[in-house]
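Each of the two complexes below includes chain A, the first together with chain B, the second together with chain C.
Up next, the complex of A and B:
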């Protein structure tokens, strides 16, 4: 079909080109893997081999991996079960303090500290889960918020845990002392979390949670024990957050209560929503983005531009908040699926189709478990 | 032994007595109809039977076992499959996923195995998918297998919801207005389908239904609810001609009030039927104690003509408070 045809006679023709870029009947065969591999292989190389050996940003990449675990953890509560947790930094903090205290003060073996961190955070999450059985929506958000704030000013201030307020040291064992190696260690945990998340969605557990999110009565009619599965969701999420907390403790090397303030909780929720609720890839992308935001603003050419334009580097103090708020607005108004919504567009583009960020071809698919409509966020 | 036996069921919401001393019984392999005007308490009765509400008094027995206080998910696992008046499905999931979700209680593996991806879970998933596909084939819905449920037409949703109820592997199926949103032809088709399903799966059913031809066709026995009380019960043909039932549906024995309204050919035919019914003998109708109490009530106000298809008819203001009882 020539360009002229396209302009002139298209309307009646059944084989008229789709205005949104779908070109039917074009099969690339095995060749379609070429653009994919061209993107994925360098990406994998960069993540697995380049980052560990790059001193300047291996630390921030480690953060990205840890944040991704937190994002996946939060996604279980918000994205799948449809509850809201504004106190997630509390679970992460419990994990961090548990790991640091157990290793440094009690002399517990390194590996066991992760188990303890996971179990203890899971217990805290279970308590919040019990609350969530009775209270939902805005009030649950409020209670989780208060829970996080209360932990920050109570448990995280106990002198024994915080080394008399100076911060509890958490020193990695020798074999993990190298930053690059620790980064890979965190990546392994992220891989495990991704596997867990994958299994969750592929099993009756995930389906039960999605049913609960949408309509508890329907879930019950389908035989789902709503009470049990809500608690499973919170416990699982708490475990992941606790382990992520332990990883964070060993990444920083010293744990202080002020490191787990409300702003961290906001960042966690923001990165999950902006990444795309219910989407694994989206949440990881969103979490990584927010983990490295600070670094981008202070260490890269962006900073140079910043200083050139504003003649100050004070911008970095509040820029992340503004960027976060802007991205949230963009997500809520334009792209309800978050970053994940671009997944299909990018894949299509790699297949030789036109880049179509709004996914107009399949409007139904937009409203997946990843949408922020419905009860999850507005509640 | 009857599959489902409800004795003296009563439930009260604040000042509203939604159900009062309701007795009903569903025997093996029966399709039992539950009819009544809007707000009569039909859906409330369903909710009590399936465990969504706990009745104030009365018992619900399933095959002789007292299940009055069992929560809905336990009853679902026991063999209570139900549908909802306004479609109960996970709208953001696909048809296949819904059918798999519905098999939750029969998945054959526990949550831990599912999360770790053990062999039992993988085999279980395969079985669930096969069964879901079989149900899609049975209902002729393969075309929407991988489509989001949310975007489908109402009739399709109702059918798929029936499929979901089937997927729970029910012993007794409770259907809340399965033909709402369907045209007459689709309704007839559904009646045929219900009979086929009963034959193939040896099912027992309790059906809330407004579509009279369907009730006449498929039901073995009919219970009529009005204002939370049982008004009558009996064979559908008998119920159709029961004067109290006619009065409840059309609002008192005031045929002259009806004549003032516009008539279509179909209406005239139904009128003739009803007229016959009012004058017919009905010796074999079972008289219920509830009947006496309803006699004491003042005659209900004349209802608008189309009360038969009562889903869309606004109710007279006098009865408005009772509306809450319907769902």
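Up next, the complex of A and C:
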């Protein structure tokens, strides 16, 4: 019996000794929505109406939306199938180059470039998925890593795609030229991705994936077609990454191979893990954090920090990486559930329970990250 | 770009890239030794292995120049100091990251090791900045300098050190009690602690050794490049080192040596003979193809055993 079951099963208001030292949550009825609305309504206003009109950070916010899509895509592979992909920047890059090349060189309509980007990245992901059927675990991580590197140094350097090395332009159509509007456009894609992910988990495919993640052999014994579902997961993840790549291409306006290096792949893994594998909100929060980290540390008026901490260029330049890596290690060793876990602690506190950031929904270290609120992954 | 890891210039097509490749391959093998050591003992891929090396190299560099907070040391003492830094970093990693994750899934530990690598690169960046520093060779000059083949003393030292280390570490695992204890811990931690072997101490020992191996690789590679920048070992040699280790069989120490040399030669030949307008980044692509082929056809590697 997990801590969650105990809490849920305890009658209201009893002072039964709880092995975890938890007060049972009180039921406030509809009132319990008040603290949430107090946070959510201003947040929604800020995201939907304030950011599009800001000159300064609408571009960074667009990045956050795009990174969130990548995070969701990576979450399908790491969080749902339990495989590690260190070459995800490859899929994003394929999407970006496809979109830019199709629009600028081939003259394909704007909307169609997204389809092409998704399909092509999905094909690449399918190939990696086929490899993943034979090679699992750490070796697959290595394969994806080298795959990403090979793409970066080879395919992304083909003169035809890179406009003879100068970078392939990807100019948005007039109706999307406004940065604020493009930001909302990307948000719409993010919403679609969230919905897709939600439907995926609720569907037969999602249940099958979670079963495979828990125990491949048991799942197979229950008649789950492991091969098929792993391929579906990789293809879906590739599609999302490809579309995100297209969005990224049009956000930057020019696509170069050097923009899709190994460090981007690491950033993607970092943001997904820090956000909290298996949790949609967590992944989006983590991805947004890593997308804006650079901006927060170097651009915004954090003048105090600039004067006292980031006094040299070296400090300024490496600070985001340091903080990102530090957050990752902190997450892995202290809060395996990531931001989602901390978020849950705050929500619980708002609901009248004791504030306990170390309370994992699913106790037991063996379960590791990936067993977080929001998914039905159970240890 | 990793291709010419040793900054030598060649015009030949087969012999010259082969020599060059064998030397850069020796560096891959040196780094691969540390990877194999940790895989043998912890069943984990350590993405921070390259950074143990870069930290050691920076330790050496700062010890030579003083950097304002260290006494200026002669090269030999500085190298020792650098190796000490490498070991210290590895031990800290073991204490702060590996041990808390002892019972976590291995994938978590792999991600954590990548995080350690990033953190170390950032720390190096804080101290050094993004600009590379000049790094002295252990012994300058050439052994051979013929028309199109050139072998530096540094290159010879690398190959020699690698061969000695590969053999001695293989003997360490097969002949000594400590080596056997490390293997025992990796196979059955609970039973091993029951017979009186400290799992924690064994883990410290292996990571310390990995730090030492990484440090040697870092100092030698930086010496032959003449340069050191934050994260340079990860960028230049970590992936080929992984490929080398997998090629030799992730559990075989002489395999890492052999794999390193083979991978180095193959990569050098590919990038020397395939023009960039046919296939850009031929070296990397060959690496990918080799890794894929080995894993699909002979996953246990050249000299590996299926445990």
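Things to note:
Note that in this section the second predicted complex is superposed on the first by the 322 of 379 C-alpha atoms of A that agree within 3 Å, B and C clash if a C-alpha of one lies under 4 Å from a C-alpha of the other, contacts with A are read in each partner's own complex, and residues count from 1 in each chain.
Assume contacts are C-beta pairs under 8 Å (C-beta built on N, C-alpha and C of every residue); 3 or more make two chains touch, one makes a residue touch a chain.
Model, not experiment: these values are computed from the prediction.
Overlaying the two complexes via chain A leaves chain B and chain C side by side, clear of any clash.
When both complexes are overlaid on chain A, the residue A:245 reaches neither chain B nor chain C. Centred on chain A, the angle reaching out to chain B and chain C in the chain A superposition, using CA centres, is 80 degrees in steps of 10. More residues of chain A are touched by C (comparison of chain B with chain C). In the superposition on chain A, contact of A:204 is made with chain B only, not with chain C. In the superposition on chain A, contact is made by A:158 with chain C only, not with chain B. When the two complexes are overlaid on their common chain A, residue A:214 makes contact with chain B while staying clear of chain C. Residue contacts after overlaying the shared chain place A:223 against chain B, while chain C stays out of touching range.
By the touch criterion defined above, A:142 lies against chain C but remains apart from chain B after alignment on the C-alpha atoms of chain A.
Between chain B and chain C in the chain A overlay, the least Cα distance found is 13 Å.
Shared contact residues of chain A with chain B and chain C: 365, 368-369.
Of all residues in chain B, only 50-52, 71-73, 76-77, 81-82, 84, 88-93, 97, 100-107, 109, 111, 114-117, 121, 124-125, 128, 147-148, 150-151, 164-165, 168 touch chain A in the complex they form. The part of chain A that touches chain B in the complex is made up of residues 195-196, 199-200, 202-205, 207-208, 210-211, 214-215, 217-226, 229, 232, 236, 364-365, 367-369, 371. Every residue of chain A that touches chain C in the complex is listed here, in rising order: 82, 84, 86, 131, 134-135, 137-139, 141-143, 145-147, 149-150, 152-154, 157-159, 262, 266, 269-270, 273, 312-315, 317-319, 321-322, 324-326, 328-329, 332-334, 336, 365-366, 368-369.
The residues of chain C lying in touch with chain A in their complex are 1, 44-45, 96-97, 100-101, 103-108, 110-112, 114-119, 121-123, 125-130, 230, 235, 239, 242-243, 246, 276-277, 279-285, 287-288, 291-292, 295-296, 299.
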